[in-house]
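Reading through the structure tokens given below for one structure.
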Amino acid sequence: MTSQKKASYLFIALIFALGVLMPFMIKRYHLNMLTEIIVFALYAVSYNLLLGYAGLLSFGHAMFFGMGAFTVAVSLIHIPGLSMWNAVLLALAMTTVVGFITGGFLLRHKGAYFALLTLAFNSLFYAVATKWHKITGGDDGLSITRPDLNLGFTTIKMADLTNFYYVTLVVIGVAIVFSWYFTKTAMGQTVLLMRENEERMKFLGYNTNISRLILFTFTGALAGLAGAFYTLHFQFVSQSAISVDMTTTVLLMTFVGGTGTFWGPILGAFVYIILQNYLSDITDRWPLFMGLIFIVMVLVIPGGLSQIILSIRRLIPGKRNTDRPVAAEEASP
Amino acid sequence: MIEVEDIHSHYGKSHILHGVSLELKEGELVCLLGRNGVGKSTTLKSIMGMVRPTQGSIRFDGKELVGSQPYQIARLGVGYVPEDRRIFKSLTVHENLMMGVQKTKRGGASERVWTIDKIYGLFPNLRERRGNKGSHLSGGEQQMLTVARTLMGNPKLILIDEPTEGLAPLIVKDVLEMLATVRKSGVTVLMVEQNFKAAIKVADRFYIMGKGQMVFAGDMAALLAAEDVRKNYLEV
Amino acid sequence: MTDYLCIREIHKDFSGLKVLTGVDFTVSEKQRQAVIGPNGAGKTTLFNIISGRFKASSGSILFKGQDLSAKPAHVRNRLGLARSFQITNVFQELTVFENIRSGVRSRNGLRYNFFRKPDNNRRINERTEAIAEEVGLKGVMHVPASALSYGQQRALEIGITLSTEPELILLDEPTAGMTREETAQAISMIDRVTAGRTLIIIEHDMDVVFSLADTISVLHYGRILASDVPEKIRNDQRVKDAYLGEE
Amino acid sequence: MSEVPVFFLHGLAYAGLLFLVSAGLTLVFGMMNVLNFAHAAMYMLGAYFSFTLLRATGQFWLCLLVCPLFLFIIGALVERFLLRRVHTYGHLHELLLTFGLAYIMTELVKLIWGNFPLAVNIGGFLGQTVEFFGMIYPIYRIFIFGCAVIVGLSMAAILYKTRLGIILRAAVNDSEMVNALGFDVPLVFTGVFAFGAALSGLAGVIAGPLLTTYPGMAHEILIDAFVVIVVGGFGSLGGAVVASLLIGELQSFGVLLFPKLSLALVYLLMAAVLIIKPSGLFGEKQ
Amino acid sequence: METKKCICGFLAAALMFALPAFAAAQGTIKIGGTEPLSGTFKDIGERYLEGVQYAAKVINESGGLLGKKVEVVPIDSELKPDVATRKAQALILKDEVKFFCGGTGSSVGAAMAQLAEKENVIMFTYGMDAASMTGEKCNKNFFRPGGSTDGRSFALAQMIAKKGYKAVGIIGQDYSFGHEAVAAFKKKIAQISPSTKIVAEIFHPAGTKDYAPYASQLIAAKPDVIFTPNWGNDLTLLLKQGRPLGMKQKVFSYYINDEVMISSLGDDSLIVGDMGAEIYMLNIPTAKNKEFIEKFHKDKGYYPTWLRGKSYIATMFWAAAVKKAGTTDVAAVIRAWEGLSYDGPAGLWTMRACDHQAQVPYWAVEIVKENKFFKHAFEGPVTEIPAKDVEVPCAETGCKMGK
């Protein structure tokens, strides 16, 4: 147990160290891409908590991502002198509230019904974002400038990509690590119970409605944080941040990476964004590839990339796997 | 008519049947007895193809059934009356009966023994309620309906799972009478039952199951003689 | 003896099908009550209504003077009522330890906490281990439930039921599908773990019923046919008829 | 308010189109519990097939017959060789599969037919206008509504008046039991899915001349169709009828009465229905 | 345990990440063409890009620009501002691209303009027409060698006023472009023909499927003539669904000479007689235009219709600015372009310094059945509307350009 724990912490420390060194190792272009990957990694992690851990297939996760993205942009534009932290905190507060309220409606249904409803709600949000031109900029979107970071003793120029990269690495990194920690906490374990046997939970004193609502709100807030950094990263947000496509994107990332493990979706975000960057350079048939990837994954490797990695590991003699990865089919509602 | 040989069946991960064998001759009414959870229903479902045995063979009129879909088995002339009745709740009684009729023609002299009129003759209650939704029937009526529905398919063999479960004594009597009539018409019947006293009234032979295996096979006399078996596997 | 659990005139219809037609009975504290009756008599439905899985069509349930009728299942559990299921109903992909711990931590209020890890809570883990030991699963604590044998799964079913430290335990055919030897073990285990608590048990196996219960109620056609001490029930003609069918 | 009858007719025509698209979707959802994301892509395929066939033969009626048949075959193949394979894994995989299919179909359409709107013009009787009660109205719009009525009535007739309908309704209740009674349930499901695809194809053929045929048409109608299902009640055919009419008329009169809200009106209706009746107007409580 | 298996995964991903970036080629001037190259508006983006690429080819064949080759790097904007800026940013970081152009989607343009300012590169457009882009949203890194909603609406208003129509029905897309176009039109018509009434002003969501309710509303208002800034499918469907409902009026439209739109109508009678005003047309009777069309047609086998022509001229204009600056330094090019004139196929274009809006003449046209370019209906004879007639004075643009 403890050696495993140690290995986990070591791994996290290693990744962080690697992250810190990155600006010295790669070009600015790649650093830019890496920042994007980190942001989407959190988005994918939050989605996986919903899909992989709780078995809830949502087509409306972009509601929260977009809400966070827009909150940051709108508040930075309309509140002069607002600090970056406060903008991000506002985004978190906003998505938490929205998650709580929409969750109340959406969680009354399960399975395909839930999927359909979340899709419809996402469309509603999208329609509002498009229509409410005055606030959201409608089709034109909103452009912002990252405010500099005042640490009291010094100010850090956020216009500089490397500086912003470090801020992203720390904030999003901490959020991801917290999400990982979350899966081990009481609530995280409760989420697993929910996926395994919601019926039985009730007879053990758990309020399943509240459990689902808490989780839904939490993942919404995480997605909102990712959305907030999405805006800060691109210094721009438009309605596509809140579109159903943005949900599809995270669904694909999560699915490609594999819903069975915590780290799978992060890998998925990594691969997805790189693929997207290179493939869309080479071909404008990106959606065709995406469709094919979907079908091949569903039919052949429903466990995603992490499943492949796991099976490769199983082939190595002497390394019997004691993990119990959850096959994606068991995660289905 | 039907030979079940050493079948093993699983439900998910739990191994329910550990090598069950039984045999029925044409025209027999055989009763499968045993406590709750020993695998009686699973045996019927395995024959019907609703649970696929992992091992063993089931032959019906010489044809292997293992690996066939339930509908294929049904078309060969096997009727199934499930334990929890499973009538179609949103359909009317008449529509439920129509669901029993099979399109595929089978050769044989006993073709169309059971017609809708005959069924209604046998179950006047159903005729009365022919327009009612399945969900509005009483337990007894539902049981009648499931049996009648199966008969509409003119099966050669009927598998009945606990036909008297939860029924009032008067209705139990009706059901037993109905089974006797069915049997007289030449249909072979394999019945799962817990109601020992009901069973001994109608059955020719008995099988007793304990924990996924057959522990007894024989006629009434043998059963009455085998006090040990009865005590261990059936009685209070 | 006070009226600890008091069930009044419970009716239950399933879209027209009357399953319970006025069930009335009381259970006193620390009593061990068995509910028997032929298949389809409505026993499990009655359990479902007491535990809050279904709502009764009419009637009331009083537990220590509180009306439970409108309370959801998880509240009833927190009031001290727990049940097991006839068809094994555990968390298949979780380990035995995690299965049992889910109830133990619920009992200790560690349900939705975002920061505390159950792993780090010694009291909860010790209690979980103790329960695993009580139901004889200590040796397989870190095996996923799905990999257990049938008998072990049934034991886990009881272990989970015990995990919230209930005062009133409802066991729905705890020995269904067990071999004779397993049943005998199960009886002594149940007898041990439910000592000092109120127990209501549904059972077909009369060995189990007679060795565990001090009162037996016979449910037939959706109502209580008879309620008495075991010896009297055994000799009650109505019960015999109900059980073995009428002549 | 002399416009009211005209706007009412507009609403009916659009409602007709909505119903044609959502009928197949709701049927498949109700029977098989599969939310077919590729439904709208199939509708688009229908429109493109029709475009090509119409250009080749000039016979619109032929398109109306042949294109749904094409889609029927495609639907059957999809169900038999793809959907059935993942069925045991549950909703998630079915959803994702149809989702991937939608992508692929849309891209293939772009590859084959190009990426710009194609006009479908039907001359003849359907291309004319008709005058009644002092209004001039295009026959084609009335034709759309007529098609929807015919499709709706025939579906109802099949479901409630034929033996096949009995089997279908029984399969919704308990498909395993239907199987045990000697009906090839997998075949029935293939048929249902294929029929749903054929309906979407029919809707595509009919939509072609009204809208133009272009690769974005699938995406645009999909959400509308989903809203119809949500409002009408999951899997309820009657609900689809009522919701289509409601949304069609709301779109039409919304332009007249609340021009500022246009796009959001439909979603507001949806939100209102969900608050009052979460399972939709005609949906059964889960 | 979960951790180790991921290391392999991350390593594998890192390998892909380290794929060598394209080495920046020396001796070329790169220009990023942000256009929708997938999705519904792909055909528009591709036609614009062809014009830019043709201009690059012409420049390169005549010895290049400042002795360097011009290379057009296509960027698929997907018509989404976020996508366009993301990809443009990547190009800036990767290849140090300094020049960007694009013609589709004012939202893409506005976002690109802001990116240009932040990254200090130049963005110019030939087709993103929202007036505000060189109005209140203007910045020093953004140029518009092309038309604007102001110019186009003014031109159309003059045409309507000249023909003496007294009742105008307006229908437009409900987003900033549509609103700006309509506002400019109303402003001009009130100015030059106060007796003309606006009898209907209708906005519909872009991408509407059923135009019948909108068309009926327009018809009910009984206008003499209809003005619309609609384009693409929004124009096609308006005509296709509106005409049979009795919408018989002449339509004055922004982009009436779009050959793809006309052919996708499939029925010339829906559009013949409608009018438009555009900055480039095949029928512009200048010698330079005739030469351009001839060479282009010889080269490609088809005509440099409006989109291709506009982007071609704009790109040539940009090249003239770079040539004048004598360097690719961004600040120098900005200074050189301000006030520069270019006499091309569509007349004399002058880049105004105060808002970076080119002052260009418009060409009024009516769609006719018979034409020498296509089998379907297309441009009839054109008349010039001089640049000064549609000019917005510097003081009224709302542009405050930080230098």
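Order as written gives the chain letters A, B, C, D and E; numbering starts at 1 within each chain.
Just so it is clear, contacts are C-beta pairs under 8 Å (C-beta built on N, C-alpha and C of every residue); 3 or more make two chains touch, one makes a residue touch a chain.
As the structure is a prediction and not an experimental result, all values here were calculated from the model.
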Reaching subunit D from subunit C through chains that touch each other, fewest steps: 2
Chains touching both subunit A and subunit E, listed by label: D
Topological distance between subunit D and subunit E, in contact steps: 1
More contacts between chains, A-C or B-D: A-C
Centre-of-Cα separation between subunit C and subunit B, whole angstrom: 31
Distance from subunit E to subunit B - Cα centre to Cα centre, in angstrom: 77
Between subunit A and subunit B, centroid-to-centroid distance (C-alpha), Å: 54
Contacts with 2+ other chains: residues of subunit D: 263
Where subunit C touches two or more other chains at once, by residue number: none
Residues of subunit E touching at least two other chains: 38, 205
Chain pairs that touch, as defined at the top of this document: A-C, A-D, A-E, B-C, B-D, D-E
Residues of subunit E touching subunit D in the complex: 38-40, 42-43, 174, 202-205, 207, 209-210, 212-214, 216-217, 220, 232-233, 236-237, 240-241, 244-246, 260, 263-267
Residues of subunit B touching subunit C in the complex: 13-15, 35-38, 89, 135-139, 142, 162, 164-169, 172, 194-198, 210-211, 232, 235-236
Subunit A - residues contacting subunit E, complex: 4, 7-8, 10-12, 15, 26-30, 32-34, 36, 130, 133, 138-141, 143, 145, 159, 161, 234-238, 240-241, 261-263, 266-267, 270-271, 274-275, 277-278, 280, 284-287, 305-306, 309-310, 312-313, 321-323
Touching residues (chain side subunit C, partner subunit B) in the complex: 15-18, 38-42, 146-147, 150, 153, 173, 176-180, 204-206, 221, 234, 241, 243-247
List of subunit C residues in touch with subunit A within their complex: 51-53, 72-74, 77-78, 82-83, 85, 89-94, 98, 102-103, 105-107, 110-119, 144, 160, 163-164
